[in-house]
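Several structures are given next for inspection.
Each of the next two complexes has chain A plus one more chain, namely chain B in the first and chain C in the second.
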Partner chain A sequence: MTSLDLLLILSGLTTLAGFAFGNHRAYPWLAGIVLTAQIVILASMPLPMAAGFGFEMFGHPVGWQMDGFGRFFALITLGAALASVAYTGGEWGERYAAGGKNLRWLHGALAGNVLAMLLLLASGDLIAFFIGWELTSWAGFLLMAQGGERALRAAMRYVPYAMAGAMAVLGGLVLSLTWTGTLDLSQLVMLVPGLANWKLALLLALFGTGFAIKMGLLPVHLWQTPAYAEAPGAATAFLGAISSRMGLFGFGLLLVKLITLTRLADLSFIDGLFSARDLIEWVAALTIVLPTFTALKQNDARYLLAWHGIGQSGYMLLGLVIGDATGSAGGLLHVFNHATYQAALVLSVFAVMHRTGTADLNSMGGLVTRMPLTFLVMLLGIIGLAGLPPMNGFVSKWLIYRSLMIEGRPLLFLMTVLGTLGTILSVYKLIHNTFLGQLRAEHEQIREAPWSMLVPMLALVALAFVTGVAPGLALNYVNEAQAALGLPVMAHTLGGVESPRGSLDMLWIVGVLFAGFGIGALLFYGAGGRSKRIHQLDNYAGGHFLSADVRYQYSDHFYAGLMHRIGPLYRGSFTQMEAALASANDLLASLMQAWYRQAVPALTLLIATVLGLAWMIWR
Partner chain B sequence: MNMIELLTELAVMPLIAFTIGLFMVLMMRKIAAKIQRRVGPPLLQPLYDIVKLYAKKTQNSHGLVHDIGIIMAVGGYIAAETMLPVPGMNGIAAKSGLLALAYVIMIPSLGLALGVGQCANPNGSIGIARALTAMLAYDVPFVIIIFGASWFYGSNNLIDIVAHQQAGGIATWGAAKMPVLAIAALFSMYAMLGKQPFEIYVAPAEIATGPMVEMGGKYLGGLFVMQCFQLFTASAIYVTMFLGGGENWPFFLVKLFAIIAIPMSMAFVFPRYRTEDVLAVVWRWPVLLGLAGVWLVMH
Partner chain C sequence: MSTLKNIPVVSHEKPSGGTGNLLANVFDELMAFCRSRSLFMLHYCTGCGAIELPPAMTSRFDMERLGIQPMVTPRQADILLVTGYVSTKTLKRIILTYEQMNSPKYVIGICSCTVNGGMYWQSYATAKKLNDYLPVDMYIAGCMPRPEAVIHGLRELMENIKKGESDNWRDYYRRYDHYLGNQQRLFGENWQTPTDIIGEARHYDLMGPETLGPHTALLEQHQTPLKPFEMTLGLADLPVRKDEPR
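Presenting the complex of A and B:
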């Protein structure tokens, strides 16, 4: 038995245990221990590591093998699952169960997701890949559907997307087999780049559609926000941290390994002016900007974060497709970084919901005095999401900006920065309307979130901080992933990058930053008079008087001036496009139904039978 | 360079920046006074103001985040100053670079936004929403300019950028080589300074000075210190990117003050833009100039 077998067996057992006794008090502890053991096994596994089992399907061997690229994603998956399970372990899980919901299903689905993703990430051929892909989609659906009626509706909306994606991937698989005669990834890597341009374009379109749907790339992103936001807290954190990155994993295999970036640049549309590579870069860039500015308009904290999740995935794909050592390292590192702070942010929002019962940004405020540690988590989380020092989100974005600078891509660079600036505005609204501003009378008695929820949240932001100060820790795994994909490997130091044309040493930057804060604190507390704490309503409102019954917190029109300028640009075009596609589909379906069930049922049956017989004889 | 020298530089650079910033505030007020036919404040007035604010007896706090906001606002700039090379001192410029500096100087704004947020004053919150919108406006051309300059110098390292410009005198200055970008940068820096006509976020008669509404005593004093740093930082970044950096202190000072004097001479004759108009004007002219400048640099 190899260590990959052990990993998968442990994951399978956790899934069974989750479905069998996930509602037991001891389950989260057990699952936590097993997940930690899995992380240790995975991290210490020599690569590449093949599984000891496998089977044949239609004469093609189906097997699993973990490489550096898969391990990078798998480690994040296990880490995210660990945080989610720990969060569920205490008061949150008890209240969830007390609310009439089934913890066994939640835990089973969560562990099932991990198993499905591990199977996908370790796939050694396209059949294993497709098995993992389908399992991931359905396990994801199961997890999304746990949150009640609205969640189920959102999950149902995901189903047609997932089906379309699966069909597209299956189509790609069949074409690959037809054109190369193999499904084995190690052989496909050698054969696919040699295919004709139109074949590559078709493969790109088919596989790409499937992966884009999973990842939530524009324009097939609409399913993701409600499906992720409405799921129960721990599930939302897990989904937001890693689930849709499976699409990115697919893109990594497809674009970098199979088609290769050089061949991708050959696939040009308008006489060499605009290649498939440009197209993907621009789709990624638009995925950064548009969802970020949609997030800015949200009034529900969960939706706001889910929209940012879509936006941030654009950075990852863009970095990967730029494909130089710096850019691809940035894109891959961003997968890890985003998982850490996004999970923390989602969990902090659910901690606030646990206490206040709402995630509506119009009905909170001032909670920092009641939930200071949760505030700290959200503060560090938003600094990471916005990509500012000292958190890890800054490092991965810096790498992407830098590579766009080196490669000379001013417009893409502008898009990435525009996304960052929009994120800063949006996350300030999030933290302002949750924790700052006026504390509402009904929230006077709120207490801090319980430790069972705080510990995983604090651990996640601590990880995001440590890998921000010492990005070299995470970059080791990124290098492995780059090498496994055949990308140039970025040399790094513990503090970042050393280059004569522009280094980044986070150890020093964070060092002087905290020294600066220290001096600022000395000046503030040492040099000035003693300050006196005053009541929140004791303030100057230009002749008006603020009182507890005056509505203060607002979110709809937080950035009024900005919305006067860009407001008319929000047209809901993608929603309209989705509705148009759905109704076109309905129309087509009813036309066909009218034809074969009502107009000429006997003739349809006859034609089908004759064709079926003919196929069997001809075969 | 040994560690003691480096640590000395790290301690001295923010002090110098602050001192220069104080005199920039003085110059700004003198210019305003000249335009309005007043005498203006005496030499040490900015310093007196800070001492007065810190020493005040009434110091109202709205809570820990209010305090931390001020600490971040001052501390973030103290850190930023060590990343900006000045004559004879490079600090940690080689370890951070232009791009990281651009993001480090957003930390004070974030700190201020947090501090103002906790004050629970609607005027403050409106002011911050406007200030962040203004940041979204001026940072768009600013990063285009950073891109153009980085591309032109082939480096993100400020020490390289300065050395490149000083190699051949004024002819190799960024402003001579990239005049369009230099103009765009001046425009965007003007908006960054938040003076008229870009001071809608303060709007005293409408939202009672916005972010400053709950700030008194050392809180306002902290913001005053922040303003000194901000003036120096904006000017020093410009001089470093376009005016050859600092060959020696006298020249460096002349350039720094001259650059700040340009927007200040214009500011006090302007009325004020509404927030949406700030976006319109900043996203039109400096962005177009910036993109044109980048195109020129790259072709």
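Presenting the complex of A and C:
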């Protein structure tokens, strides 16, 4: 039995245990220990590691094998699951169960997601990949559907997307089998780049559609926000942190390993001007900008973060497709970084929801005095999401910016900066409307979130901070992933990058940053450190006398000035497109139905049978 | 009250001899100089004098070259500019705004109305003399004073600040009872603002002989002090929200 077998068996047992006794008090501890053990096994596994089991299907061997690229994603998956299980394990889960919901299904679905993703990430051939892909989609559906009626509706919306994506992937699988005669990834790597351009373009279109749907790339991103936002608590964090990155994993395999980036650049739509690679880069860039500015308009904290999850995936794909050492390292590192701070942010939003009962950004405010640690988590999280030092989001975004500048893509660089601007604006809205400003009278009595929720949140932001100060810790795994994909490997130090193409040392940057804080503190405390805390009603409102029933913090229509300028640009084109597709689908379905059910069924059946038989005989 | 002599004059008692540290005075003078060259003003535009401020602020007279510029909140402002007649209702707001400003702070009364009620002398609803209720540092008289006069007044104030002669804001703390008494006479006995002047005076060592008195005693009788929200973890000690499901 190899250690990959052990890993998968442990994951399978956790899933069974989750469904069997996930509501038991001991389950979170057990699952936490098993997940930690899995992380240790995975991190110490020599690579590549093949699984000891496998089977044959239609004469093609189906097997599993973990390489550096898969391990990078698998580690993040297990880490996100660990944080989610710990968060769910305490008071949050108790209240969830007390509300009449099924904790066993939640834990089981969460562990099932991990298992499905591990199977996907360790796939050694396209059949194993497709099995993992389908399992991931259905496990994801199971997790999304737990959160009540709205969640179920959002999950149902995901189903046609997932099925279309799976059909496209299956089509790509069949075509690659027809054209190369094999499904084994190690052989496909050698055979696929030699295919004709139109065949590659078709493979790209089919596989790309499937992966884009999972990842939430424009224009097939609409399912993701409600499905992720409405899922219950820790499930939202897990889904937002890692689930849709499976699409990026697929893109990594497809674009970098199978088709290869040089062949991708050959697939020109307009000779020498616009290739498939440019197309993907621009789709990624638009995926950064448009969802980020949609997030700006959200009034529900969960939706705001879910839209950012879509936007940030654009950075990852963009970095990966640029394909130089710096850019691909940035793109891959962003997967890890995004998982850490996004999970922390989502968990902090649910901690606030746990206490106040709402995620509506227009009915909170001033909670910093009541939930200071949750505030700290959200503050550090949004610093990471906005890509500012000292958090790790800065490092990966810096690598991507740097690579775009060096590789001579100024317009794409502009798009990424525009996306970051939108991110900063919207996360400021998030923290302002939740924690700053006036504390509402109905929230005066609330308390900080319980430790069972605080510890995973604080651990996640601590991880985001540590890997921000010392990105070398995470870059080791990124280098492995780069090597496994056949990308150039970026040399790194503990503090960042040391290369003639641009250096970054976070140890220095963070040192200078904190020295600045230190000087400020010295000046303040050296001058006596006198401060006076005043009441929130002792506030200026044009001289108006404030009382507890007077609202002076306005959160509604937060960026009125900006919306005056860019508001008309929000036209809901994608929603309209989705609706048009849905009604076209409806029309087609009703035509089919009319054909086989209502209009003289016996005759139709007879005609079809005769024609079918005639075709077979003639053939 | 109608003679000039009755206008309370602030006594500038400088500690003679000081601490003996020469550098201390140098530092103080540097501070005073910097302070005089960086004045943010909150203009509480109550009357017609406000119309003279735009030319004073913009390119024609350009008060920003003197380091003076408008500020939107009292917390960051140094000067409170009251530009005209002050009705009883407005005066409450002005006092609240003044009390919310951080020390050192200066009050400038523009137009005759702030000096003696001006053309509203006979009005029952207008406060006649601003410095009965607030310590005014500079009056700029006129109906209305031209921008040159406004600039001139501001320069005078800058000069006073530089020389350390303009510290009437201390007077508000030292003789709070006097000002509060005048305010109570106008607004009634249960007049109060959310700010805690006595607490601030204690906190910053600004207590004077007349900080406390009969009027502050009256204030304390009916005042409900606002307790600021302490930032607290409150994991165990705070009560549970009533409708919080357990």
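Things to note:
We adopt the following convention: the second predicted complex is superposed on the first by the 594 of 619 C-alpha atoms of A that agree within 3 Å, B and C clash if a C-alpha of one lies under 4 Å from a C-alpha of the other, contacts with A are read in each partner's own complex, and residues count from 1 in each chain.
Here is the rule we go by: contacts are C-beta pairs under 8 Å (C-beta built on N, C-alpha and C of every residue); 3 or more make two chains touch, one makes a residue touch a chain.
Note that the coordinates shown come from a computational prediction; the quantities given were computed from them, not determined experimentally.
The superposed arrangement places chain B and chain C in clashing positions on chain A. When the shared chain is aligned, chain C comes close enough to touch A:R370, but chain B does not. Contacts of A:A98 after superposition on the shared chain: chain C is touched, whereas chain B is not. By the touch criterion stated above, A:I534 is placed in contact with chain B and with chain C alike. By the touch criterion defined above, A:R355 lies against chain C but remains apart from chain B after alignment on the C-alpha atoms of chain A. Of the two partner chains placed by superposition, chain B and chain C are both touched by A:L546. Residue contacts after overlaying the shared chain place A:R447 against chain C, while chain B stays out of touching range. In the superposition on chain A, A:I509 makes contact with chain B only, while chain C stays out of contact range. In the superposed pair of complexes, A:G59 makes contact with neither chain B nor chain C.
With both complexes superposed, B is the one of chain B and chain C in contact with more chain A residues. Note: residues 366, 368-369, 372, 439, 530, 532-534, 536-540, 542, 546 of chain A belong to the chain B contact set and to the chain C contact set alike, using the contact criterion stated above.
By the touch rule above, chain A contacts chain B in their complex via residues 365-366, 368-369, 372, 375, 379, 383, 386-389, 394, 398, 401-402, 405, 408, 410, 413-414, 417-418, 421-422, 424-425, 428, 431-432, 435-439, 495, 500-505, 508-509, 512-513, 515-521, 523-524, 527-534, 536-542, 546, 552, 558-562, 564-566.
Residue ranges of chain A in contact with chain C, taken from their complex: 95, 98-99, 355, 366, 368-370, 372-373, 439, 444-448, 450-451, 530, 532-540, 542-546.
Residues 44, 73-75, 90, 92-94, 96-97, 100, 193-195, 200, 203-204, 226-235, 238-242, 244-246 of chain C are the ones that touch chain A when the two sit in their complex.
Put simply, chain B touches chain A in their complex at residues 10, 14, 53-65, 67, 70-80, 82-83, 92, 94-100, 103-104, 106-107, 110, 113-114, 117-123, 125, 128-130, 132-133, 135-136, 139-140, 143-144, 147-148, 150-151, 154-157, 160, 200, 207-208, 213-214, 217-219, 221-222, 225, 274-276, 278-280, 291, 294, 298.
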